[in-house]
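Below is one structure, written out as structure tokens; the observations come after it.
Think of it as A, B, C, D and E in the order they're written, each chain with its own count starting at 1.
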Amino acid sequence: MKLAKVAGTVVSTISAPTFDEQRLLLCDFLSLDGEAVGGYVIAVDVVGAGVGETVLILDEGTGARQIMEMKVAPIRAVVVGIVDDVDA
Amino acid sequence: MKLAKVAGTVVSTISAPTFDEQRLLLCDFLSLDGEAVGGYVIAVDVVGAGVGETVLILDEGTGARQIMEMKVAPIRAVVVGIVDDVDA
Amino acid sequence: MKLAKVAGTVVSTISAPTFDEQRLLLCDFLSLDGEAVGGYVIAVDVVGAGVGETVLILDEGTGARQIMEMKVAPIRAVVVGIVDDVDA
Amino acid sequence: MKLAKVAGTVVSTISAPTFDEQRLLLCDFLSLDGEAVGGYVIAVDVVGAGVGETVLILDEGTGARQIMEMKVAPIRAVVVGIVDDVDA
Amino acid sequence: MKLAKVAGTVVSTISAPTFDEQRLLLCDFLSLDGEAVGGYVIAVDVVGAGVGETVLILDEGTGARQIMEMKVAPIRAVVVGIVDDVDA
């Protein structure tokens, strides 16, 4: 998993019913110091994260489908948690 | 998923019947600001995207096969949606 | 697998029971010389590694679930071993 | 998938019967302009590509095994097509 | 697959019986010219490769488990062959 900060949302007509009720979050990857490192991912939100929050990103399809409790879903990245504390 | 802009198409004789009726799109990856970041992917089009449109790319084999509704398909990247709005 | 040094821990409310009893370690990737190379991963700890220790990181979902002995787990990276010696 | 140019071949004693009758091609990745971008992959050839030809590379294990029609094969990258035209 | 040169070995207490009898090799990735390109991987050795030899690395979990003939193994990278000749 990686740390990221929620930068915004994306609205897209997606050709899969899986996405119908899902928020898609734009997430900037962070260093351990909390600085943006220049990459991002668009992830499905399962924790209700808001813009500006630091989150944990899981970027693996099978695990993403499991956490969504869906066997069939064209998903790879998911916001799996809101980060409470980083002790590095 | 990542944002990308459709840059063109590729025509290739592919040794798998899966691809027979599929359009292959050349897609330049974009930053959240909509700028090309220097990478690309060749993705199967399932949404009818046109050159110049901003799209969502899913780059994971199992999810790609699911959205294509094929169990057997040598596919990894798919254009899963046309982006209507980015709010970052 | 890659070499990494445990830099700290992360506390996060994660929306999956899998993580309830797991320590999440911040791990800086190392070169073969033991120098930080500028990347990191957040990995589940299955060996009881401490901050400052050099560890082996496995970053693959299916293998991670197997070593955790869980069929369902949104996990990709795991600290699979503490490194005793590097002979390079 | 990615564009690549066949740069040569590799001969290796591989400890898996899967590879016994397979040609292994050294393929330099290309930009959309057809320039080498500095990376390469060693891919199994299923289309009879020759040195200097522009090809499509699929780099995903499950899809690679499917196109080889093998359930068991330690393969990740395959030359899936010879590129006839790039319109970018 | 990628070309790499065996740089050494790593000794680690790994929390999985899979690794009990396996040699772990430190492998520096090579360009097609045989130059180190600055990355490495720790791979399980199934061919008896020695330090300094040029090898083929397969970096995919399912294929790695297949070549090890294990269904359950936290493995991603394997040295699958010793390179006899590169013609690039």
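As a convention for this text, contacts are C-beta pairs under 8 Å (C-beta built on N, C-alpha and C of every residue); 3 or more make two chains touch, one makes a residue touch a chain.
Note that the coordinates shown come from a computational prediction; the quantities given were computed from them, not determined experimentally.
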Centroid spacing, where centroids are CA-atom means, of subunit D and subunit E in whole angstrom: 20
Residue numbers of subunit E (touch at least two other chains): 61-62
Graph class of chain-chain contacts, one of line, ring, star, complete, other: ring
Chains in cyclic order, anchored at subunit D, direction fixed by subunit E: D, E, C, A, B
Residues of subunit A that touch subunit C when the two form their complex: 1-3, 31-32, 46-47, 56, 58-64, 66-67, 78, 80-88
Subunit B partner contacts - residues on subunit A that touch it in the complex: 7-16, 19, 24, 26, 28, 40-43, 61-62, 65, 72-77
